[in-house]
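Note that the chains are named A, B and C in the order they appear, and that numbering of residues resets to 1 at the start of each chain.
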Amino acid sequence: MVQHKKLYLLLLPCVVFLTVFFLVPLLVLVSGSIYEPGKGFVGQGYYNFFAQKLSRDAYFRSLSMGGLVTLISMVFSYPAAMAILRIRNKSLKGFVMTLVVLPLMTNPVARTFAWLVVLGRNGLINNTLLSLGLIERPERLLYTNGAVFVGLLQLFMPFMILSLISALENVSDEYSMAARSLGASGLKSFWYVQLPLTIEGLVIGGTLVFTGAITAYVTPAILGGSRILMLSTLLYQRASVTLDWGMATTIAMIMFLTTLGLNYALKSLGKVGRSRSRT
Amino acid sequence: MRKNWWLSVILILVMIFLIGPFLIIFISAFGNEASLRFPPRGFTLDWFKKVLTMPMFLDSLKLSLRLGVFSSLIAMLLGLPVAYVISRYDFRGKRFIELTTTFPVIIPQMVAGLALLRTFVMLNLFSIEITLLIGHTAIVLPYVIRNVISTLVNFPPSIEEAAVSLGASRVRSFFIVVLPNITTGLISAFILTFITSFNNVPISLFLTGPGVSTLPIVMMTYMEYYFNPSIAALATILIAMTVGIVAISQKLLGFSRMM
Amino acid sequence: MAFLEMKNIAVMYQKGQRILENFNLQVEKGTFLSLLGPSGCGKTTTLRTIAGFLAIQEGELFINGKLYNKVPTHKRNLGVVFQNYALFPHLSVFDNVAFGLKMRKVEPSERKKRVMKAIEIVGLKGFEERLPSRLSGGQQQRVGIARAVVIEPDVLLMDEPLSNLDANLRLEMRAEIRRIQKEIGITTIYVTHDQSEAIAMSDKVALLNSGRIEQLGTPQEIYYSPETSFVARFMGFQEIANGTVSEITGGKCFVNTGEVSLEVRSSSEISRGCKAVVFGRQKNLNLLKERSDNSLKGLVKAKIFQGDSVLYIVELGDQIQINSEVSVEQALWNEGDTVFIAIDRNLSIAFKREER
């Protein structure tokens, strides 16, 4: 006996909450980026954003950094995920899985701070290289693209690993055995059979990592500072430091639209990958 | 399985990459010098003492704890009915509800934080703390719903039907038959959302003010001016806390995939 | 009016499709009625409608003279036994069985008495404190039954309760359930897709097809006298020959197959001159060396040794293949031989041929 009216009552509080307290502010923000009272429709903000070198650079740095982090994480997470799934010992496997998930539960500030200790003037790398006599003075490793890259990679790799584990679990060993029996070498079996079956996992993981890398604030802020400016740190600057509201709103919108676009693009890429594998 | 030794090598390297930094933090938290260096020299627990007594850290810790508990509670109150309805029924507008409730995940959190700041704080509608609460609740809601749905999926509707056929109204059967059996799932959902809220930076980033800042934000600000092991000590404490919570809940509730 | 009566009931899915339409059923008090049929035929829907899990769009449901359409499930006095047992995982056997009594606010001492009696009836004395996770499938199902009967319901509804048990257990539980039902004398509606189960347990069997009752009768009637080809097929008859009906007298008819004119039982579907199909049971088809009265010619396609019997696959006219099992001593034919199949006049039936 489905009592429809009572059902909708149960859904109401949540929907109201999200609409009033979340959706509305976002709409306010969106409209603010396009229309400012007294100035009429303003597409000006977007134009300014791409006209200035600083913001342009920040944007493309975010995109390229995100893409690079995604790619590298895929390259290393795939074998890692495969290795994890091959562990026979159940408790060891569980332990390793926990170690993979654990970083996701820890404070990103703490996690990123660790890199300060590793990459700083007095940090692990410099001191090791100095004591080995390989360099004479401490190198500046922080506030470089490399530092931000490493920090982002460490932050987001677990997502990729988990996503791939989930995808690989569903690929039975029998597929590669069948491929082998039909004459495919290990590499061919991987390329033609295993990889296409796990494309979905790559897409899901890739989306998480890419969008995460673009919207992350902590890592670029701490490891990049104002020297290596990314979209998120630029946004913070404009909103909290220079109080340039119009620009801040515009940047926020650009961030939002970029992540939406990315989501869509990666999903379509996944579909193409899957349909191609059906040849 | 031949040739999987290089897989294991890569795995080990990856694990060192992921976990190594934590170990480094632990070790450097005990260093004796004012300026952080690695490897550290000397051994002291002073930094821990300092961190645990600084009002700046303590106040923000209290705020973060409050936020974590309340946003999780509210999210569960709002989300549990939704999860129940979605998992048990097909109805008009189901797709819409599913989209709406996963919407916060798609929005970059910084953008959301900015929007909340602009709308509620700057127009003086709500205090910063309330706005923080709203933001955190909205962020963790999708996780609560997803988590509870997967718990309910493992609880066959026929058990509820049995209760109803024996004379319990639908409402009563929910409380005396469904709830006792999903408590474990609810607790793990609560822990997960608490941790998510506690560690959150992007939403809390813009929503700070005099005396109102979450712990991660305060840590970041401190790091801009000081570079000493006290952050390492604080980080160590926080990581130990997280590990402790996860370990205890795994022991008590059994190993469940937290994602 | 019968004890349970469904009058012109219509029930539909949320999407708007009608599963039951103009559905009528009468069940006398104390009867064990099986709802039998293939998956999707509507038997579970009927059960769930009686239970109140599905809303009645049109028509009336009466139990013991009272109109039940608007009565919510938890106020109907029915006992339901589920396919996957649906025991409350957090309650002991005792508490599971006591649940319904607790809802009815029966006093604790009276409750205990009735629960213990029910547990004894189903043969689980001593298991009161166990949790469902510590019970085998058969034991869980017994608890489910005890839980449903202890409340002394008007009707007992069972939804394929034995489907999740292994074959031996199923046979044992069949007898148990029937014993319990007879002991208590409760009106029972039993859903199953297994025809041997329905035949063995029931007073009456209703065979359903696409939301309609094709035939309602005693097990003997359903087994020996199917009224439509659907019922015949479901109950194990197979097609033997195609032909045209030349004559109908009394309960018998003659079907002209082209090769021979067979005398078999007639059904209500056929009329003189119509196209018909003769149905028979495999074990009633005897192999003969020579053509006799009422027999068909066939070709032995395969002879399969099975230990203490031999299976013959014989092809008859119209490329119809039948199987026949004989003892080793009677297995006189080899592959490629001609053989004749005796068609029993009283056990074979002619139904109308359906145009595809």
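Before moving on, here are some points about what is shown:
Quick note on the criterion: a residue touches a chain if its C-beta (ideal position, glycine included) is under 8 Å from a C-beta of that chain, and two chains touch if they have at least 3 such contacts.
As the structure is a computational prediction, the values presented were derived from the model and not from experiment.
Summarising the inter-chain layout, the chain whose CA centre lies farthest from the centre of subunit A is C.
Interface comparison, A-B versus B-C: the pair with the greater number of contacting C-beta pairs is A-B.
Inter-chain spacing, taken between the CA centroids of subunit B and subunit C, is 54 Å. Our note on geometry: subunit A versus subunit B, Cα centroid distance of 18 Å, whole angstroms.
The multi-chain contact residues of subunit B, meaning those touching 2 or more other chains, are 91. In subunit A, the residues that reach two or more other chains under the touch definition are 2.
Residues of subunit C in contact with at least two other chains: 14, 52-53, 72-73. By the touch criterion stated above, subunit B contacts subunit C in their complex at residues 90-91, 156, 158-159, 161-170, 173, 177, 180-181.
Against subunit B, in their complex, subunit C makes its touches with residues 14, 51-53, 72-76, 78-80, 82-84, 86-90, 99-100, 103-104, 144, 147-148, 151.
Every residue of subunit A that touches subunit B in the complex is listed here, in rising order: 2, 4, 7, 10-11, 13-15, 17-19, 21-26, 28-29, 32, 76-77, 79-80, 82-84, 86, 94, 96, 98-103, 105-111, 113-118, 120, 122-124, 127, 153-154, 157-158, 161-162, 186, 211, 214-215, 217-218, 221-222, 232, 235-236, 239-240, 248-249, 252-253, 255-256, 259-260, 263. Within the complex formed with subunit A, the residues of subunit B that make contact are 1, 3-4, 6-8, 10-11, 13-15, 17-19, 21-22, 24-25, 28, 35-39, 77-79, 81-82, 84-85, 89, 91, 97, 100-101, 103-104, 106-112, 114-120, 134, 137-138, 141, 195, 198-199, 201-202, 205-206, 215-216, 219-220, 223, 227, 231-232, 234-235, 238-239, 242-243, 246, 250, 255, 258-259.
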